[in-house]
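Just passing along the structure, written as structure tokens.
Should a chain be cited, it is by its letter among A, B and C, assigned in written order, with residues numbered from 1 in that chain.
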């Protein structure tokens, strides 16, 4: 079966599934799933850039997604003047001090001869710097966090439109990725996996505990939106008119009070759908842009070089390609895309909650999407994201239903039956694992395998 | 396609809440059936469903309120929003009893509840931040805000003459919010917080945390966590290493399982729990036992019962299952004037409302709503005596 | 002098003893990872969940024993259940090898594919364990809990500070020593053990000299199963069993294995203790300790804590990064067995 046919079939199946949900559950649910599918699609593209193009195994997707979330907070929340007055300067000064310490450290490492003296001076610089910074940093943080802790207790953001944070989120993720890449890309490939796993956990720990920056576990709620609020549309006469016109045939059956009530419920329902469609439009444009960029890049000479490196590092190096440099570039690019998706996700949620970030949900699930969809194939990753997210969401009702059905014959109130019903939700993980292993084993390329433009030589 | 979209919306609307014609009215019960408080939620849901059972066939001339459960996960805002979306737009519930944890509750209220105009009554979201969300009057809670509990705890300690404590809290909005509220109140009474340190739930080992806590040199340890999570681990480790043997517990830590797991070393531990020793609380125990519930005094069970009962009464008062109508009557049934209603008297209340009278729902937890729609809240001061939590007095 | 003893007791109670027990548990876990790395050449992401699986079987068997009235005197019943648990876990691992890893070995897939496959296995194990025993805390420690209680120690010595030693802590250290010695004897003295080392050093040469790869793989999985189960059970006895915490052990265990030098058994043990003690010492608040030691006028006001306990698990990672930067092969030169 050719790839384009497969793609058509895959996306067609997805559309039918979504339609069924819309029809039998509700269109709001269907659109909610679609929105998250699109965001997952962008994330999967980021992972695909790293794994599919360069074979980099990044297990820290969660951290980069969370960085996007931080960007959303820092860009869109209003500036909190009182907190800045209380400790803003202290935090800024300690930031400058941190840079100085890092600079000194690098200078020492570069200039001095290796030996006990260098080691000693490095230790002195790092430890001394650490304690000096904490002298400034700790009181500043305390002052900020003491400022109206129940409602703010942090520095706030820049008060700019949240949609800008999608770009900023990408930049944040890119910056952190550059540092990680510098440290671990020169090493063996599986060290990168461990390093990214660790750094993502540390990023989350920082977001949970550095309250002055993101309010920590107290969460930032009520982020501003790039789309209108449901309640505002519900009172908008033009929207009401539009809904009335749209549903005139259905409304014709009602009169008087009943008609008003019917219209009202349609407007409420419609406003919710409208907002979700707005989001879907925004997300979809990002997805399309990223997808086009990815496809173009992969087809370019750069893309060919990257794949050459992936397939045979030794010969690529012999051709004079700087492998570590390319890897770093790809790692940064891929992480930036994940950061963008992370900012989009936080925008959709309307709040930033650091404890939401769990590796199973934000790292390994995305990996399953890429593997199942087709590593190396951009469209494939997107398709994988769509299908897997759909399964992930609908597995809960489906699993419950299946267990109910499977335990029908059992005695009511028996211990085993209760246990099975209660455990239904854990089947989710099991199913994901089996799907991933099966695809890896029997169709290593995924649903849409990577296409190579070389002419196949028939053996 | 678009036409289809809105056409089926209308279908959903027709079969849903506003035009429900059958004898069943659906009410959502969104609680964290998985996640950090999964051991508390089954009892809470059962308590809410008890109120529905009690009024079966008696609401709005012969209707029955049935519950539709959904999982809030307590932590994952996206999953909770999706679950609420399903309840509101697909199941067509008229109101939501929930959610439980403050973070997901805010997410549901902001993203789904308020935009769709659905009344939400949370039995256990206690974060002070929820007082000020933009809820357009659709969000209520029967559990008092943590700001109040912090004050009560500080008062209890002052009365006991305790002036210096170490505080450890579960690292989430509940724990941190409560620790801050308590810290401020305790300092105001002249007390000293020796150290305030978070603990992460779900870790296996808390010796480092306990080591840091004990190094600060306080004799009492205040634990603001969950009874079957890190809070238990902290207490266990403190006792094992001999770091602390006097504890102060907040509502999330109160549970028989704690005493069962830890044993007699807890003797003398002080705690606070929302609720009262009023007639309502006693009455609720009777009703719960008679209704065949597994427990009759679990944490947040009275609040859950009250949350569901309030919405049922508001429905009757509004004489409609319309979502907005329910919201408009919530305050009326919760507060005076009117005849006082205790648990088990819901049928009577429905009769009064039907004949045009007024009720003042007291319920199991002494419900009185402040103008922002939350319980003013009384707290029980508890002490562990002979292997049991005993109420000393009500504050 | 009394002050000095008090300080020492305090340090032993909060740093030394917990660190020793935790270090032994990590060392056993890291040994399993390093063994697999040395012989089958991939980092096993499913190792934490293998420990959870092993512990789960032991917990279930323990419950069965308890229900029919078998106990082990003052020792935990779980020790009796341990051999059965190891057997079941080894079986499960061999099955997973047959179904998953074998294929990738045969097609000579790059190691990163094996790592990814182990992520898939991790998912499956995650689901299986939660499905069977649920996600909750299980306490399966029975028998005597303490060798020495803090209060008893205070009364006996008249010191201000107590010293508590849990029986599970002593058990952990003793069993770890026994198991590690047995493992080293096996690797160095027995024929199979020697052939495994040869296989790890140079696969092709080993194959030429007539070593059966199937046998080596089989024995490796059995050893990994035993190490994982014992580590998991000891950890569970000392703390408690909860599937999610076992998943989170993955990072410190990997850190231990890499810090010590991947593929190097002695390194894994060393790494385990380095990671465990750094976690405990860096996050411990030294205020009380210093107050005992220093003259009163120098007694510190602050907590004297290097890093807040919130960042406890970041410590293992920071060590990892430092080692990777300074000495990428690990403290002992890795990749030999």
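Throughout what follows, a contact is a pair of C-beta atoms (placed from the backbone, for glycine too) under 8 Å apart; a residue touches a chain by one contact, two chains touch by 3 or more.
This structure is a prediction, so every number in the text was calculated from the model and none was measured.
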Query raised in the report: Which word fits how the chains touch one another: line, ring, star, complete or other?
Result: complete
Report task. Name the chain with the Cα centroid closest to the overall protein Cα centroid. Result -> A
Query - Whole-Å gap separating subunit B and subunit C, where each centre is the average of the chain's CA atoms - result: 40
Query - Distance from the mean Cα position of subunit C to that of subunit A, given in whole angstrom - result: 32
Report task. Note the residues in subunit B that touch 2 or more other chains, in rising order. Result -> 34, 171, 198
Report task. Quick one: which residues in subunit C touch 2 or more of the other chains? Result -> 135, 308, 310
**Report entry** subunit A residues counted as touching two or more neighbouring chains
**Finding:** 208-209
**Report entry** Contacting residues of subunit C [partner subunit A, same complex]
**Finding:** 42-43, 45, 99-100, 103, 110-113, 115-117, 119-128, 130-132, 134-135, 250-251, 254-255, 258, 308, 310-311, 313-314, 316-317, 320-321, 324-325, 328
Query raised in the report: Which positions of subunit A touch subunit C when the two form their complex?
Result: 55, 57, 59, 183-184, 187, 189-191, 193-195, 197-199, 201-202, 205, 208-209, 360, 364, 367-368, 371, 422-423, 426-434, 436-437, 440-441
Report task. Show which residues of subunit C lie in contact with subunit B when the two form their complex. Result -> 13-15, 18, 22, 135-137, 139, 146, 149-151, 153-154, 162, 164, 166, 235, 238-240, 242, 244-245, 248-249, 279-280, 283-289, 303-305, 308-310, 312
Report task. Write out the stretch or stretches of subunit A touching subunit B in their complex. Result -> 22-23, 25-29, 32-33, 36, 149-151, 208-209, 211, 216-219, 221-222, 229-231, 243, 246-247, 250, 261-262, 264-266, 268-273, 275, 345, 349-351, 353, 355-356, 358, 361, 393, 396, 425
Query - In the complex with subunit A, residue positions of subunit B that touch it - result: 3, 5-10, 12-13, 16-19, 34, 71, 75-78, 81-82, 85-86, 88-90, 103, 106-107, 110-111, 114-117, 127-129, 132-134, 136, 147, 171-173, 175-177, 180-181, 184, 198, 322
